[in-house]
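Two complexes follow with chain A in common, the first pairing it with chain B and the second with chain C.
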Partner chain A sequence: MVCYLLTKPTNPLNKKQNKKIFWLLVEEQLPTTIRPPLPIIHSRKLAFPPKFKAPRQVWVSNMDTVEEEKLGLIDLHPEVFAERPRVDIIHENVRWQQLYRHVSYANTKMRYEVRGGGKKPRQQKGSGRSRHGSIRSPIWRGGGIVHGPRSPTPYFYMLGFNTRLNGLRSTLSAKLAQDDLHIVDSLDIPTDDPSYLEKLVEERGWGPAVLFVDDNDIMPLNITAASDSYGHYNLMPVYGLNVYSMLKHHTLVLTLAAVERLEERLLFHLNRNDAASAGQKYRLDSV
Partner chain B sequence: MTSLLGSMISTLGMALRYRPLIGVSSQVSKANALFNPELTTVRFRYHADKVAKGPVPRRHGYEEKLFQSGLLPRKVSVDKALPMPTYKPKNSWNEKRALFGQNDYIDILGPSNEISQKTLHPTQLLYHVPPWLRGVQGNEYQVLLRRRKFVQKKGYALGHPTKWATLNTRIKKLYTYLNHKTKSPFWKHS
Partner chain C sequence: MASVAARSFVFRQQMNTRRFDFASCLKIKSFYSSYSANPKEKSPENYTQYHEVSSDNWKFVERLKPPTVVPSFPKNGSCFSDWTPPPDTPPNLPYFVKRTKNFMVPVYLNFEAVRNQRKITMVKHIEGDIWALEKAIKSHLEEVTKRQVVSQVHEVAMYIKFRGDYVLHVKKWLLNAGF
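Let's look at the complex of A and B:
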């Protein structure tokens, strides 16, 4: 909170009035950010320089004020952010994320597990009624279920390494192409007031749900406190990024550090020498 | 010519074909209707128009026995509708749902160990799945065998004797069923 001193008092004799005005000015004004002349952020050096595609250029905004101030223009690597989005791969990724952790605990008892049913209900012949061996056979009411669900049933499977990698690339590219990707310098906001964040998002036309991604997993205090009261503003580190979350949240906001880390990781995997061994099929108890 | 037409009309004596020709005056018109390459039939009835007029009735002749309208069920003595639970929409943005899928790509996006070059794998983060079931893909028989392997070390037979017995019975039954009653998979046939 910045305090502004009055250089010229309005009434030199009325000290009480001056004090009142002084404190009014202090309380009502939010700190104005003092910036060097724009653009601050000039350019970015891309790792594994693209040979056949042009880099995509994005504005870098600020989070200090509600109104958007463009701090500069940076390049994004086309192999990460300008890959033709493959909707089938995105679908596969979403399906995998939903299913691989699912375990069905539904269970039905077999005829030999249901209580009772060891004795033959009646004699084989003579009664005139149908013949039965057990009251818990599947044709009886209250009897066992033959091919019912058996707990626990895992739905685990591992999607191929490159399918997941390309899922990330496709989703990031789709987000950028649809104007749902924004870059900010950092996630530092001046207050921890939740309404500041809401006003900021509304002003800039960012979607109802926003996902803020930073490199570090410990986020600044103000934005953590501000977004805590909203379920649709979420903070995530780069290692937590995933296709499902990117699609669930309308807007994706990355910090510069997050962009650096994301590009470094994805380009590393795209250009590594031991890709075959890294992308091998997952084996149980190997990790 | 007339004999040809006449023969056509007489030989093609099907009612369906002849019906539209009833009332038509001359033989020539009838013949034209039967065979004329310059004539084409034009569609004037479309199912879409029928649908646009209102819902197309299905199951003609079927009488619905369930109540479609009228009062909800109520007790006769006290004229009050039976209680129904109040609808509460689910919160799509509670913590679990908002952050669903987080860390699923940790082996791609996460940092790797400097020396071993290893990253965390998403199967290591399945905290809500039983430890013996993490990363397991298989049918019931395979899952049960693994469960038995994990559970027998911890004295399960002493602590849960009935469940231990059920587990072993199930494995035995599945063994007999799979090996004596079902065919082996196609990739096992030479």
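Let's look at the complex of A and C:
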């Protein structure tokens, strides 16, 4: 969809006037969304249906219009989205995400690295002063540091699989409980204008920072172009979902496909029986 | 010089250049590191015969493989072990102890402290009023064993630990309670 100016502005540098005309045209030329009778999305079949826990129900909204239109109501699995949030596990996950790739480049020289200090300062006996072997020993001023930082020091470690899994469950549950989780049918928006996205987010009261999550890693062109100019609207595939990003962004917006994939993966790992044998090859401390 | 020629030939083979000269007739060393370096496949009669088995027989292979996900247990029929299936309705209590993914009662025996001296009975997968459950199990254990029972309630991780080996007693209590 191409927007063009009908009238030539008097001053081409008058950005405010241009913007006004442009936005009027955008509003005029947005295609009107024609929908079949609601609700479009009726229900979802849950894998590993919960026995005594009630599934959580959420609205499914649209991205076609700035105003929110509810397309239907779906169930979310309570073991993924209604788990008791473990704050300690969330903290562990955040700490791991920040630390595992951290490399400390701080460095201090040891006694053999400090310039000089190869010669015995004075003879062992006779001078009346204390005995020394080198002017760069750690007890000397300007000498080497014994247990100081040594560059590069990696802080890599792997958090246990189940800790990471439960971190995702806890964070998703916390997001849903705090009304920061929204489901949309897809991430297709009618225009690639960045202000459309901004208006949409403002209208719906979504947080300053929004994380859009879809199943596919190649996102629709319009939303990619629209969110490109904003650092606080981010697109992410399901496989990149992590605790730190979910906490950094105020609102989490999942597509239906993303919800399906997320639930399928998390429930599979919660109910599988061959985790020990499957995880054997990833164990760091065993051959 | 011969060693240099050999090394250059080897290097050329690795580089996969095709030069039909005297050196290429010599086969000093072969590195089958790429497709084009490998000898090409000959016609089928040079190799052993094979015949395709019907794909219907794959089910005999599949049923030998263990299932990755625990299948659901049969609803009727008795098990020859002392395992009882989880009930269909939860008991009317302020707490609930969920079965594991293998439908087992979540009571475990841990060995803690130095050199695995201390036996600890752990109850996991607790939901609801954990203190009420701890009081109920503790009073039962003290009644059965006629001695003081020390316990730990972890409200964040939702588990209870009892100092001592009371696994069978706790499991029996939980099954009787209807979990």
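Note that the second predicted complex is superposed on the first by the 240 of 287 C-alpha atoms of A that agree within 3 Å, B and C clash if a C-alpha of one lies under 4 Å from a C-alpha of the other, contacts with A are read in each partner's own complex, and residues count from 1 in each chain.
In this text, a residue touches a chain if its C-beta (ideal position, glycine included) is under 8 Å from a C-beta of that chain, and two chains touch if they have at least 3 such contacts.
All of these numbers come straight from a predicted model, not from anything done at the bench.
Using the contact criterion defined above for the overlaid structures, shared-chain residue A:276 touches neither chain B nor chain C, since it reaches no partner.
Contact comparison for chain A: of chain B and chain C, B touches the greater number of residues.
Within the superposed three-chain model, A:243 lies in touch with chain B and out of touch with chain C [touch as defined at top].
Applying the stated contact rule after C-alpha superposition, one finds that A:139 touches neither chain B nor chain C. Once chain A of one complex is fitted onto chain A of the other, the partner contacts of A:34 are absent, as it touches neither chain B nor chain C.
Once the two complexes are overlaid on the shared chain, A:52 sits against chain C while remaining clear of chain B. Looking at the shared chain after the overlay, A:88 reaches chain C, while chain B stays out of its contact range.
Overlap of the chain B and chain C contact sets on chain A: empty, with no shared residue.
Across the complex, chain A is touched by residues 66-70, 86, 90, 96, 101-102, 127, 156-158 of chain C.
Interface residues of chain A facing chain C in the complex, by the touch rule stated above, are 51-52, 84, 86-88, 268, 270-274.
Residues 91, 93-95, 98-111, 121-124, 126, 128-130, 133, 135-138, 140, 143, 166, 169-170, 173 of chain B touch chain A in their complex.
Touching chain B in their complex are the following residues of chain A: 97, 100-101, 103, 110, 112-113, 150, 152-154, 156-158, 161, 164-165, 168, 209, 230-232, 234, 236, 238-245, 248, 262, 265-266, 269, 282, 284-285, 287.
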